[in-house]
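So that we are looking at the same thing, I have put the structure below in structure tokens.
We just call them A, B and C in the order they show up, numbering each chain from 1.
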Amino acid sequence: MTKTNPGRFFEDYQVGQVIKHAVPRTVAEGERALYHALYPARHALYSSDVFAADCGLDGSPVDDLIAFHVVFGKTVPDVSLNAVANLGYAEGRWLLPVYPGDTLRSESEVIGVKENSNGKTGVVYVRTRGINQNDDVVLEYVRWVMVRKGNVDAPAPETVLPDLKKVLSVDDLVIPEGLTFENYYFDLAGEQHRWGDYAVGEIIDHVDGVTIEEAEHMLATRLWQNTAKVHFDLTFRPEGRLIYGGHVISMARALSFNGLANAQMIVGLNGGAHANPCFSGDTIKAWTEVLDKAETDFPGVGAIRLRLVATKDGSVGDLKGEDGKYKSGVLLDLDYWALMPV
Amino acid sequence: MTKTNPGRFFEDYQVGQVIKHAVPRTVAEGERALYHALYPARHALYSSDVFAADCGLDGSPVDDLIAFHVVFGKTVPDVSLNAVANLGYAEGRWLLPVYPGDTLRSESEVIGVKENSNGKTGVVYVRTRGINQNDDVVLEYVRWVMVRKGNVDAPAPETVLPDLKKVLSVDDLVIPEGLTFENYYFDLAGEQHRWGDYAVGEIIDHVDGVTIEEAEHMLATRLWQNTAKVHFDLTFRPEGRLIYGGHVISMARALSFNGLANAQMIVGLNGGAHANPCFSGDTIKAWTEVLDKAETDFPGVGAIRLRLVATKDGSVGDLKGEDGKYKSGVLLDLDYWALMPV
Amino acid sequence: MTKTNPGRFFEDYQVGQVIKHAVPRTVAEGERALYHALYPARHALYSSDVFAADCGLDGSPVDDLIAFHVVFGKTVPDVSLNAVANLGYAEGRWLLPVYPGDTLRSESEVIGVKENSNGKTGVVYVRTRGINQNDDVVLEYVRWVMVRKGNVDAPAPETVLPDLKKVLSVDDLVIPEGLTFENYYFDLAGEQHRWGDYAVGEIIDHVDGVTIEEAEHMLATRLWQNTAKVHFDLTFRPEGRLIYGGHVISMARALSFNGLANAQMIVGLNGGAHANPCFSGDTIKAWTEVLDKAETDFPGVGAIRLRLVATKDGSVGDLKGEDGKYKSGVLLDLDYWALMPV
């Protein structure tokens, strides 16, 4: 029994440590098709080789969130197997499109640790990088989690808190080489509204909803090789499988097509919170608030900063209570940058 | 909220109007594998590159109904979002095989409108075309739907009823260039009965059945980018998700393998009715009546016209009551032409 | 109704007979992605083209059990449609890796028959071969099943019992040309324990569990074109769909990653028993006993013989009762050879 992975405990992390995660994965047309079956994903750049080529790319990449999930999933056995909570994300950047046939692996560098005052848990900050077969970094992001101590008598480490940007500026974003929205086909994209039509502060109700089924979230979670048992084993969690937070992210992003079909590419992740747990039977709906807009140097390409909120109660625009806490119907609060035709 | 798609209402359609549908889609090996996981599809021409090459094709195309669903799915946001009922199909023809890697888009031309006497709804006829990356039409069919008026005070348009063929003749059918069944391997196809063994009027009970699960029909429906909320959102339809009619078509066609394994390619769709709604928990079974047979100019290739009926009560040969209406156990009545080795 | 496949009965099998099974199948990236969505499969050799190339292969093959299921599924309509029980496996060998794009077909030779004393059933032994597009055998195994007689008055055939090896020796195993584990990346494989670290008699609890859902096992079973109605049709089995035994095999093998991540390739199947039926709602867990170890001539490659046990009660190391029968919580007892870095 000693040969199975017990996961890391708080005292097993040291600042500066680099963890090479298993298992590398070649991503191909199969993952793309499954993504479109699991989520109502319709952004044209990730659906059509022809549309993507008209935007200056070498065919259609796999969805930006496929890249995220593949990279994230690998970190679970090393970072969050003994995690009590997933606390936050910051400084997420998509650095290179991932194409069918690419092979991804993940590495995480520990960039901060802070033991909690109870002496039983601590917070670990890691910067995770997704790396392709050419050793190019395709994606990076910071995540921090609360982790149990394995040995409560282990001494508290020196507290190191990383200096993280609250929000990426448009200059931090990396836009794929050659990208252009000058030959953009709005009819084919499914939406006439362009970057200039969105106003900061505007709220968009994405209207559609999906009631979640057990089989679907398990298929998705396994596809990303995230094998945390809370998602699969009803003898471990008789009260119900907990749905992988990334499933909610992808569902909400896909639902946001209805109103934001032209927010084609996700290029930055400023932050995110999984506000409440999601279970089978919940109906996920989504709304978006436009937080910021910026111009870019790429032809026809504007950047738009969006707050994407997933709910299980269908509420719109109603995020937190007077106590500053997320309301019980909110599942996700995600702050990201996307690229849109101007 | 104004940026989401409200769909078109009856008064928004004019005869002659051409609607370019979003979102183009590159179809590949992933869609093929999912099709085989979602349906018990086993027709050899769509399963094996080697079998298809022996039949004169450039490898195995994606299933003829994948092409249909991909093309159909794109029309939903523009044609049937506010539809009350899907009334019929006619003049459906598969014009070119679709191969992995092809990118499909859809266009629909409005070819008929007729306001109903209640002044609240009308019937819209569209001819939809699926077009590949070379601008070749790969599939076309006529569909008519009953659509709500958005503004009941909008004046009734001049009635235009298209002149539609009740049945395609064998000369209307387009057979893929190079197709031959002269080197046909009956063992590998799974059936010894050939075109000459089927008699007009013969009824075949396909015996097998599949009890439908929620997760499966949602995976299928999303895969075709059909996002009508009746199929997904239990807060919108607390009485149960309505299953996409195309899911029933594909399930019945796949079940018909047992008895019609050599009816390899669908080339024509004469008509079809979704007789009753289908829900999770229903057990789909199927039977076929041979309606007609015809010779073709292609070596070893015969055409056979089939009525494919899907049921949820396991009845066979029992379609309509004395009142001329479909019996309550009938889900689908589809009239199509297929190609078979003579 | 006479055109559907009634399946073969006991009296339809003669020793020496070769059955060519329908339907050939081209296996590609889609099947691989689905396999990773259906099972928590993470063995690196089947996940990453780069990892596989570092092991001397031409990219990542499809999972060894995909090859098994594809070959096995084709035999169902001819071998087990009227089977009362699947009794055993022997002499299973993986002879060539299967790569995306390969087309597989199956043939079975009848190598034994024995009528039971009740005169109503008999046991049929077949040696099944999976064959690729180059007519190379990629996999072979012996299976024996108990089959009903169609005509109880048919005379009993002469009993022929094949001489089967209880266990394959390491010399019987076929190791893929060029395979080397000399450049093996243990970090990326997810496990530091190597061949030398495992002791004969050692028992490994794989810890993780998956609660089975109906939609998932049906997707899997259809993917392998196994269409036995017990797996799909609740009107045929109102007491619950019986889960395809191969689904349990793949689930258990995937769960065994946690403790046996370096048991990369399955190359031999010595035997196997489906001890008890599995139904939706069961939680599959797994444990392994190390049965034997052997060196090979390939650089860095050791062979390890493993007993893989799947349970639905979470028991470990507890296989049979005093009566010699499998305990009720045991689903699967599989005896196989795998390859591991020394």
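One rule holds for everything that comes next: contacts are C-beta pairs under 8 Å (C-beta built on N, C-alpha and C of every residue); 3 or more make two chains touch, one makes a residue touch a chain.
Small disclaimer: the values here were computed from a predicted structure and weren't measured.
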{"item": "Superposition rotation for subunit B onto subunit C, Cα-based, multiple of 5°", "value": "120"}
{"item": "Copies subunit A and subunit C touch via same or different residues, half shared test", "value": "different"}
{"item": "Distance between chain centroids, defined by C-alpha means - subunit A, subunit C (Å)", "value": "36"}
{"item": "Residues of subunit C whose C-beta touches two or more other chains", "value": "28-31, 33-34, 100, 213-216"}
{"item": "Complex interface listing, subunit A residues touching subunit C", "value": "1, 3-5, 20, 22-26, 28-31, 33-34, 77, 100-101, 103, 105, 133, 213-216, 218-220, 222-223, 225, 227, 229, 232-236, 241"}
{"item": "Subunit A partner contacts - residues on subunit C that touch it in the complex", "value": "28-34, 36-40, 42-44, 47-51, 59-60, 100, 187-191, 193, 197-198, 203-211, 213-216, 258-261, 283, 314"}
